[in-house]
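In what follows, subunit A forms one complex with subunit B and a second complex with subunit C.
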Partner chain A sequence: MFDFIYKGIIRDKKRSLLPIIVVTIGVFVVVFSDGIIGGMINNMISMTANFQTGHVKVMTRAYAKQENEKPIDLSILNAGELINQLKKDYPIVDWTPRIMFGGLLDIPDQKGETKAQGPVSGISVDFLTTGSNELKRLGIKKAIIDGTPINRPGQILVSVDFAEKYNVKPGDIVTFFGSTMYGSMTFSNFTIAGIVRFGNSMLDRGAIMIDISDARLLLDMDNAAAEIVGFLPEGKYNNEKAEEIKKSFNDKWTNNKDEYAPIMTQLMDQEMMSATLGYAKRMSLIMIVLLIIALAIVLWNAGILGGIRRYNEFGIRLAMGEEKKHIFNSLMIESLIIGIIGSILGTTLGFMACLILSRHGIDYSAVMRNVSLMMDPVIRTTITPRMLYSGTIPGIISILVGTALAGQAIYKRNTAMLFKELD
Partner chain B sequence: MNTNKVITISQLTKDFPVGESYFRALENINLEIEEGEFTGFVGPSGSGKTTLLNIIGSLDKPTSGTAVILGNDVSKLNTKESAALRNLHIGFIFQSYNLLPIYTVFENVEFALLLQKKSKEERYKAVMESLEWVGLTDKKDSRPTQLSGGESQRVAIARAMVKHPTIVLADEPSANLDAENSHHILQTMAQLNKELNTTFIFATHDEKVMQYLQKIITLKDGRIESEYNK
Partner chain C sequence: MQLMNDEPMKKQIIKIIICNMALMVSIPLIAQDGNKMLQDIDDNLSANSRIIESTMIIHGKRNDRTITSKSYTMGTDKSLTEYMSPPREKGTKMLKLSNEMWVYSPTTDRTIMISGHMLRQSVMGSDLSYEDMMDDRKLTVIYNANIEGTENYNGKDCKVLILISKVKDAAYQKQKMWVDTNYLIPLKIELYAKSGQLLKMITMSDIKQTEGRWFPMKMTYKDMLAEGDGTEWVINSITFNKQIPDYIFSKASLKK
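After this line comes the complex of A and B, so read on.
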């Protein structure tokens, strides 16, 4: 019987072509969307981790409580020793100190008088220590649109919008005004090494970057760090591993009640991050459910049209003694075969499209210019094993639902009219 | 019950609802058909021939009275039992052949045996034997669209006969055929009737068919007007 059904599908293009095309397109959309959404999530995770949170992050408890305000007066004082201990305890993690700070950047004219001033948020990372991965991790080389990365002390990187607004360029001298971690006023001159487009409106508006050694001098933070961020091997976030490290570290400090004792957080502890990921997952699920409904409606209609076209065939089969239930089941088997064929085609096409986009990416920086999310403006799809079934399941379910709805007509068929209908 | 009576119909009436009223298609039908008969229901359109074939074929049920087909009272059969009766014991031949166009001649004939879950070897043997009866073994791989009308109806006969049914019901089998082909298929059916003792029941108003019938039951306005053996 299977052979009979299979031959019908292969030979009768009208029976199989439209449903296969519909399922293929539907499955392609699911697989491709899955890749895109996965890529966007990974992109967001990666950007947030690289610029803000690390995969894990160590701060003082006091700093952690007010983390949004970046209170450098609550920084870790003996950061060097703590980093050495972290490297010893968790050698797979790449540990690095960072300081976030705020202040004013003064732009002098040719006579050295203030031409303009603008508020800036500063990011200081370890650019200059041999073996530091920060330059690569933050993608500074790619982000620089004019000039060079920081390659010696006393240099500064300025964000593109700020540079355009205040008309500064590489080689210009600018003066930073701010306060040290002890509350004293501080200022220092820097030479602009490069202009950076971060691809994120928040950073592009007024971010500056300096080397952490300069920040320590500037902010009177010798051997201190506001945050020590850690990155898992190959820069890939692993929630379980991060949680394991966090738990292990925090357990050691549980009995220490000092508010300046260190505490570790992980990427997913960020309220916005977990909420965004939850939202993305819900959106994926909603999209898949909607797609199943839409495909089922299309396939239901295709099934009704097919049923009308095959009215004669079903009549003959009923007359020959085939039960209605058997005909219905054979239609379901047909649909299953068509669903599998469509799913394989759709998954293959979706997979190939994702593969191409994972290598070349889509540049949507123009769209993201005004978005305050930490996201790479070039989105790349993510290839995951989930793609093998993420489209297949809705593809097969939708055609089975569509066929089951259309197949109800078989049960309404009046066998008493068969002779008349068939003649 | 006489064992060689394959069909016994007693005081059968069939009504079809028409709005709030009904139309009486068959009234007080009484007849018996024995195994191996070559019988025809003859009469003008609307006389009830096809309705009677429907009931004998277990495709419909009488409104009142009984129709016992091969020992089964069709009014008491459920859909599954009706389907089984048709599948195992009744073959159908239609005016419009009704072959499945996407399947070959062989596959069209084979289908009834698939429903009976016969083995591949059994199916092959039975299909080839059946095609041999109608002289179409050389066309076994052809599609119905490649056949003439006469050939198509011969395939339909092979399809009806392949399962060795006790009864074959043929509704106007020659209506779409020219005289030569009509005689050809009727000769084939008459020969199968003789060789296999299969009961053939026709619904027809074609004179050519009537020439071959051994027994003619004339229907008029849903009643048996006459019944005679030739």
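After this line comes the complex of A and C, so read on.
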């Protein structure tokens, strides 16, 4: 019977072409969307980890309670010793200190008085230590639109919108004015090394970057760090591994009741991150269910049209004594084969499209100017083994549902009327 | 009609009217007393000029810091503060000219204007904001005062004054003051936001007579929204009404 059905599909293209096209398109959409959504999630995880959270992060307990406010007065004081211990205990992790701070960036006139000034949020990372991966990790070289990265102390990177608003350029001297870790006023002159487009509206509006050694001098934070962030090998986040390291570290400090004792969190502990991932997963599921429904309706309609075209064929088969159930089953097998062919084609096309976009990416920067999520404006699709079945299953289910609905008409045929119909 | 003929009811109504009239007459009197007391406080505490050498002890969450400074004030519009120690702050100067404030940093040789939201930030990590430092206006210019009653504070009978802002740009909408009427000095002040939230509390102590007036030589500020144990401001020496050269209050003097 299979051979009979297969030949029917191949020889009678009118019977199979439309359903195959519909299934192919549907499966392509699912596979491609899966790649895009996966890419967006990976993009967000990567940006958030690189700029904000690391894969794991160590802070004082007091700092962790007010983490959103970045209270540098609650920083880790003996950061060097703690980093050495972390490197010894978890050697696979790349540990690095960071300080986030806020203040005013003041642009002087010729007399050295304020010409303009604006609020800035500062990010200080280890740019200058040999072997530091921060420059590469944060993609600073790519993000610089004018000037160079920081390559000596006393230099500063300024975000693009701030630079445009206050008309500053590489080589200009600006003054940072803020508060030290202990609340004293602090001032420091910096030379602008480069203008950076972070690709995130929040950062592009008013972020600055300086080397951590400069930040420590500026903020009176000798050997201190607001946060010590850790990155898993090859920069790839692994939830289980991050959780294991976090638990192991925090267990060591459980009995220490000092509010300045260190505590470790991991990427998924961020409320926004887990909520966003949950939302993305729900969106994927809803999209697949809606697609199955839409495809089933289209294929139901295609099945009805096919049924009308093959009205006589079914009549003759019934007249020859074939059971209605057998005809229905043969239609279902036929649909299964069409579904498999369409799914293979759709998956192949979707996979190829994802492969191309994983290399070249889609530049969303024009539409993301006002988005404050930590996301790279160039979104690249991800290739995962899940793509092999993420489109195939809904593709096959939808054509089987569509055929099953259309095939109900077979049971309504009255054999007593067959010859009259054939006349 | 029956009600009007009722004699006891008539007496009752007359009593109520008399009470209301007495109340209406007494409210301005109380307010007048409050404003008079505020005027007396202003007269006692303010001067044409002041030169103060002071020590500020900031009790932070993790440590205490001591900062010494010398400040010159002329009227309500001009003041200059120079920080003397610790070494990190030494040479930093703050100049107030009317509604503008400038900070000079010797390490950068820059004069920076403080404006906007920065005015609400803490000065040197203390419980005082730049806005607190800037507002030298007399209390009678900013507030209307009512005497709420009498309370014992630290063993002294004090008048409790409620000050309500009469200008739009007051840093605090309302103040509650416990005033020692002998010295005409508020011993405790609570500063409130428009919402009614208590923002800061100031206590004054170590009252000494200097140049014929009583003056609190120690003030403790507590920002009620911040952690830490407050900021003590101790006056080491104070001189009133001494002529201060005008060039002191110029941006050029900041770099000297």
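Quick note on the criterion: the second predicted complex is superposed on the first by the 423 of 423 C-alpha atoms of A that agree within 3 Å, B and C clash if a C-alpha of one lies under 4 Å from a C-alpha of the other, contacts with A are read in each partner's own complex, and residues count from 1 in each chain.
Here is the rule we go by: a residue touches a chain if its C-beta (ideal position, glycine included) is under 8 Å from a C-beta of that chain, and two chains touch if they have at least 3 such contacts.
Keep in mind that this is a model prediction, so the values were computed, not measured.
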Q | Combined model on subunit A where subunit B meets subunit C, clash or fit | A | fit
Q. Touching A:D73 in the superposition: subunit B (first), subunit C (second), both, neither?
A. second
Q: Identify the partner contact of A:D12: answer first if only subunit B is touched, second if only subunit C is, both if each is, neither if none is.
A: first
Q: Have a look at where A:E323 lands relative to subunit B and subunit C in the superposition and call it first, second, both or neither.
A: first
Q. Mind checking the angle subunit B, subunit A, subunit C on Cα centres after superposing, to the nearest 10 degrees?
A. 140
Q: Pick one for A:I92: touches subunit B only (first), subunit C only (second), both, or neither.
A: neither
Q: Could you tell me if A:F4 is touching subunit B, subunit C, both of them or neither one (first, second, both, neither)?
A: first
Q: Kindly classify A:L305 by the partners it touches after superposition: subunit B alone (first), subunit C alone (second), both, or neither?
A: neither
Q: Working from the superposed arrangement, determine the closest approach of subunit B to subunit C, counting only CA atoms, in whole Å.
A: 82
Q) Given the complex with subunit C, which residues does subunit A contribute to the contact? A) 73-74, 104, 106, 108, 112-114, 117, 119, 175, 177, 179-180, 182-185, 187-189, 220, 260
Q: Would you tell me which residues of subunit A are touching subunit B in their complex?
A: 1, 4, 7-8, 11-12, 312-313, 315-324, 326, 415-416, 418-420, 422-423
**Q.** Touch list for subunit B against partner subunit A, complex
**A.** 50, 53-54, 57, 59-61, 79-80, 82-88, 90, 92, 94-96, 98, 100, 102-103, 107, 111-112, 114-115, 159, 171-172, 175
Q. Given the complex with subunit A, which residues does subunit C contribute to the contact?
A. 58, 60-63, 65, 67, 88-89, 92, 102-103, 105, 107-113, 115, 117-118, 121-126, 251
